[in-house]
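Shared between the two complexes below is chain A, which has chain B as its partner in the first and chain C in the second.
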Partner chain A sequence: MAELAQELRIPVAQARRPFRRHFEREGVLGYLLITPAVLYILALVAYPFLLALWFSVSDATVGKPRGDFIGLGNFQWAIQTDLFKEALRNTFLLTILGELLKALLGTILALLLAREFRGRRFARALIIIPWSIPIAIGSIAWKWMFDSTYSVVNWAGVHWHLMADPGPNWLGEVNWALASITIVNVWRGMPFTAIIVLAGLTSIPQEIIDAAKVDGANFWRRWNDVMVPIMAPVLFIAMLFSVVFTFTDMTVVWLLTRGGPGNHTQVLASLAFQLGIISTALGRGAAISLFLFPVLLAAALWFLNVLKKRELGI
Partner chain B sequence: MSAAVYSLENQQLARSTRRRIHRRRLVGSSLAYVATGLFVLFAIFPVYWMFIATFKQNSDLYSITNNPFWFNIPATWENVSYLFEKTQFVRWCINTLEIALLVVAITLLVSIPAGYAFARLRFRGSSTLSIAIFLTYLVPPTLLFIPLSRVVSQLHLQDTIWSLVVVYPTFTIPFCTWLLMGFFKNVPKEIEESARVDGCSRLGAISRVVLPVSLPGIFSVVIFAFTLAMQDFVYALTFISPSDQKPVTLGVVSDLVRGDLYFWGSLMAGALIVAIPVSIAYNFFLDHFVQGITGGAIK
Partner chain C sequence: MDEQLTGSAPKALGRRAFLKTAAAASLATVLAACGGGAAPASAPASSAAAKPAGSAPASAAASAKPAGSASAKPAASASAKPAASGKPAASSAGAFDTNRTFAGSLSIIQWSHFVPAYDTQYFDNWAKDWGSKHKVDVKVDHIALADLPARSAAEVAAKSGHDIFGWFAQGGPRLFEKDLVDVSDVVNALIAKNGPYIKAAEDLCKVGNAWRGVPDHYVPFLSLFRKDVMDKVGFTKGKLETWDDLLEFGTKAKAAGTPVGTALSDTSDGQMTWRSLMWSYGAFLTDDSGKQVKLDSPEMRQVLEYAKKLYTQAMTPEVLSWQDVSNNQYLQSGKGAWIYNPISAIRSIEDDKSATAQELAKNILIGQPLAGPKGQHMAPQWVIHGIWSWSKNVDAAKQFLYDHKAEFEPGFRASKGYNMPFEQKFSQPPMPVLSEDPKYAVIQGVEKTVHVPGYPGPNTVAANQALDNNVITVMFNDYATGKMSVDAAIEKAVKAAKAIYDKAG
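The block that comes next holds the complex of A and B.
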């Protein structure tokens, strides 16, 4: 045995080790290698999450971080407050509106970029700029573009007779402010949608599309019955990420409007920040940000479902 | 004779049809060019706007009559020099670099072993755990920033860059583990096995064979973790208030605002200086990112 091992240049110890023990060692090593990752996530994601659960049922403040148990008081307070109702409404409104526009424009953009043309790579590189710039930086640039006095959008609109002088007060009126936030969300999210859809489009074998063409399918039929079904899992995952990021983001709102005018453009995340960090009411802030959780949970389950379907090959 | 006429007519018909199709294609493709152009314009206009504001003199910038799209009086370096001399911009950039490099280091140390284990080793619950780790990437900062502000202050890291060094890996580790898992799965098992036959231990085979082969993947993980650490705003805003500890994204958007007064020229200068390198970096690893996010569904 040892000679054979030497001939095959297998270390003797390894050759002698029975298969089962080797397999077990693989198990031990596996757990060993994932331990740092698991510990990190337990300490800084799972533990804070439990802490958030505790805060949400306590009256903790920054001055009194332990807090006392007050049951569902914070949640009750939240759902009775107009401030919260409005933030909840805005969060859904901005997410749905933003997602629809991102999906529509991102898909059109992907179809445009899927064509062969000169400068295609360059166009793609420019298109993803909004998504690559840190969101805080992008938002502040838009804030300047929506400035109440020196807005370039209004200057151009008035100059080219598209708007009545002086044009909308973008960040000063609630509906315009919500529109501004949506524009920035779409500006930032559209490239992501486009890139993912583009990747999906280029993964579809050309023969399938050609076959559909030969069978006389027009563009809509090809799109609906051939391309979308093939790309579906990818589209789902892209949509999922996009929804989660928009739904939970506070940066755009914070930098553009700070929730104003008059707190009418707050979203759940920015309201949680306002209450939990600025006003130091940890309990109320935590309760409000936990309202984000059901949607996140749904997103996670949805993701798992797509993953399972793919494994089953459906 | 009649056959010749027929074929001539046929040829003419074919030619006119071809011309019509050609013309339609031409119209279609110029429309597509225009539409693509509009999208590109929408995407990059804010960056152009940063550029214009950066180099405009204040009297040109704050004028409602001047054409805002171009310089009406000579350009100036004043806003840029204000940014570098009168604010802690350089300090913020150094902070961001330090934070990002440390985050990259932590991410690699934690994600490489985990990614390898999930890709190659068979142990109970490995697929469940790998999915669980990926799902933590979906946990947003805005769900955790309130409890984490307590954790950070318990660890006495509040108001220092270290708070961010410790917290950012919570979102870089999940995604990078997932990405690396994909890369390691693509390393042929045979080369690892042959290294082990040659007498390497498993860990020896990993460090001498698997890691060198996966260098492109590791490189894209480095860029990814780096840019992700630069993207954050919420955690920085929550944990850090002293100016000299701020990362650049927070410093630019908070310290160039005094009350209601925005120093737009210098603000845009800072924004531009951050935006350009990050955009370039993204283009390098975009394809890897797309693969990671779609879980390798697209090949």
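The block that comes next holds the complex of A and C.
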């Protein structure tokens, strides 16, 4: 073997291990390494998605999962239903309002955390807590804070003369209920925005900021013309994630209000769950949940397209 | 290069080698998981030890696969095969010989009782003892009642889970008829032993000619009112018999700072309370056939007007966001002068040994369901048990349910009179527990007022879906709070109901 290898000028180690050499090829090893991720996506994302597509065009129920094909009947029913229209409106309202607040407050927080002050590291660690604790725990804690009888928020507000007794009916009146959901959403999502913006801020070379200052640019000029363009890729990706998470969020709504009072705070995700699982109408639930898909796909493509154009300088 | 030609010792672990090793390890793990995945990891429960309600979700998740199903030895009897549906065994009490033994395991899931002592001091221990006697590993899981629908849907979708499923105020047998074992033999044996049920039991559990569920108990909605507040505000009648009495008392009580309260939100309590009011005024969701939506009627307008008056004159806005436990808390806080609820609310106050609670309990009295112009009608909550068709221990499950319901008094005592019997015989006064305390004696005879969702028609799939979709509670909320006119609120409810009933056919 050694003589043969020497004759052919092949390294001995390679000649002795042709099987292992095969696996050293990028075309083989690369695909092997991404196979688990692909299988995961196929099994837990693609398959349920395709199943939901089937359910949405069938009259499947939990008791009769092999439903019959009914075409677009479920979608037609949804569009004609006031409950669906209200859920759609709430979904957009909560997402847009929530994202605006998260962007504004998260950016302010990031700018503050970018400064040097004593205890900055501790403050940064504290800020991340709302994002890191399980959403169910946070929502249940807020539910108690908004409770109609035992609300600590109302108790404090009334005792500090910030609100008239008994205080807002946080979860019982529609507008206050929507506000409550937004508050919990923003409380939870703001740290994510802050951390992303902070990461973007710290990645900007200080010389560029200093040069802008020397040129006489005030804060807003520096922000608009220097910082945001540099951070844009990071901001766009963060915003894309945040919008998708908020748009599809069901947990906060379900745990705070269960879509009430009177189904007036339903969002598409919670309505799909109530119809598809609680009421066993799988077909209708799937149809409602799939309304999110084209909207989110369009949003994602738009974000990525804008980002690509920026990168190409178009 | 020279080292490679001479075949010298390999270098220290480099990046490429690390990646190859990691890939091989991952592949080995996946193969090992696939190869050893036939047997569920959960070990058989050694006993049906009581589980605190707080741990129920974790234990429910752990029991998603039948406990010990892979490790159970084949049963000596034919219990390994699910019973063929549609073919009830001979209905004979002899078929349920309480001395029979089985093998394998049995898992049950049901709600966390609002009288915790029933679970912790009676049912779980009884199940454990039953398992020891019949040589079956019995495991009982308790979850919050609001989680039961999703749980049952998950078990049906997966065609695996517990052997016995206990529904609370949900139409399990109707919704999952094809996935439930025919338990006519169990029910007929129980009827032979204990006598007939009230009609509600058949409405809930019998689908076509087969019983798909075994009735366990129902939970009546009663007036729990503060006698001291009555005296204080000068409500001289001293008791609440009609909905008009409630409005009069509630108006005075609110003016005195202790309003009345009943959920105007999408809760099980709200569903039953507003149905009770509707039926008492002759207003219904459907006609007698249970197929035609009949919400738009003069009686419904009358009921909605009443509800609006009750909300504005006698209640406070906090009822708009109530959960099922909120009215219990309301009464317990001393703030509420009346709630419409089962007796769990007062039992939990009695269990609190503080002086304040004892004083409060003394002042709370109980009244029968309220009557309206069209009589005294009440929508209760209920518990019924079904056996999933994929259960590997159907015979043991049937014996369990038979033995559980064969005796009435121990369970009734353990529930402190909460679990009202479907059996007519056990409803006859003097009933244990209730007849022993004048305060609770008034509950006797309440079975005459009981109807289930769907009344006056049958308890259909559509009736249960209308329950789950909050058609009635949304309508009451929309009008009572002034969001909509009465016509708009009814029109919206009719549209929502028709969407359900038209689909059901």
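In this section, the second predicted complex is superposed on the first by the 273 of 314 C-alpha atoms of A that agree within 3 Å, B and C clash if a C-alpha of one lies under 4 Å from a C-alpha of the other, contacts with A are read in each partner's own complex, and residues count from 1 in each chain.
Everything below uses one rule, namely that a contact is a pair of C-beta atoms (placed from the backbone, for glycine too) under 8 Å apart; a residue touches a chain by one contact, two chains touch by 3 or more.
Owing to the predicted nature of the structure, the values given are computational and were not obtained by experimental measurement.
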Touched partner set for A:51, first chain B, second chain C, both or neither: first
Touched partner set for A:226, first chain B, second chain C, both or neither: neither
Contacts of A:243 with chain B and chain C, given as first, second, both or neither: neither
Partner chain in contact with A:277 - chain B first, chain C second, else both or neither: both
Chain C versus chain B, contacts on chain A by residue: B
A:172 touches, of chain B and chain C: first, second, both or neither? second
Which of chain B and chain C A:110 touches, first, second, both or neither: neither
Which of chain B and chain C A:29 touches, first, second, both or neither: both
Chain B versus chain C as contact partner of A:261, first or second or both or neither: second
Partner chain(s) touched by A:63 [first = chain B, second = chain C, both, neither]: second
Chain C-contacting residues of chain A that also contact chain B: 11, 14, 23, 29, 32-33, 36, 65, 147, 149-150, 273, 277
Chain A contact footprint on chain B (complex, rising order): 29, 32-33, 35-36, 39-40, 42-44, 46-47, 49-50, 53, 61-64, 68-69, 109-111, 113-114, 116-118, 121-124, 126, 129, 131, 133, 135-136, 138-151, 166-167, 169-170, 173-174, 177, 196-199, 202, 227, 230-234, 237-238, 249-250, 252-253, 262, 264, 267-268, 271, 274-275, 278-279, 281-283, 286, 290, 293-295, 297-299
Touching residues on chain A, where the partner in the complex is chain B: 8-11, 14, 23, 26-27, 29-34, 36-38, 40-41, 44-45, 47-49, 51-52, 55, 65, 105, 108-109, 112-113, 115, 117, 123, 125-145, 147, 149-150, 152, 155-156, 187, 190-191, 195-196, 199-200, 202-203, 233-234, 237-238, 240-241, 244-245, 248-251, 254-255, 268-269, 272-273, 276-277, 282, 285-286, 289-290, 292-293, 296, 299-300, 303-304, 307, 310
Residue numbers on chain A that touch chain C, as the complex places them: 2, 6, 11-14, 16, 20, 23-24, 29, 32-33, 36, 59, 62-65, 77, 81-83, 146-150, 166, 169-174, 177, 257-263, 273-275, 277-281
Complex contact set, residues of chain C against chain A: 1, 4-7, 10, 16, 19-20, 23, 26-27, 30, 149-150, 153-154, 156-157, 175-179, 264-266, 316-322, 326, 329-330, 333, 335, 465, 468-470, 473-474, 477-478, 481, 483, 492, 495-496, 499, 503
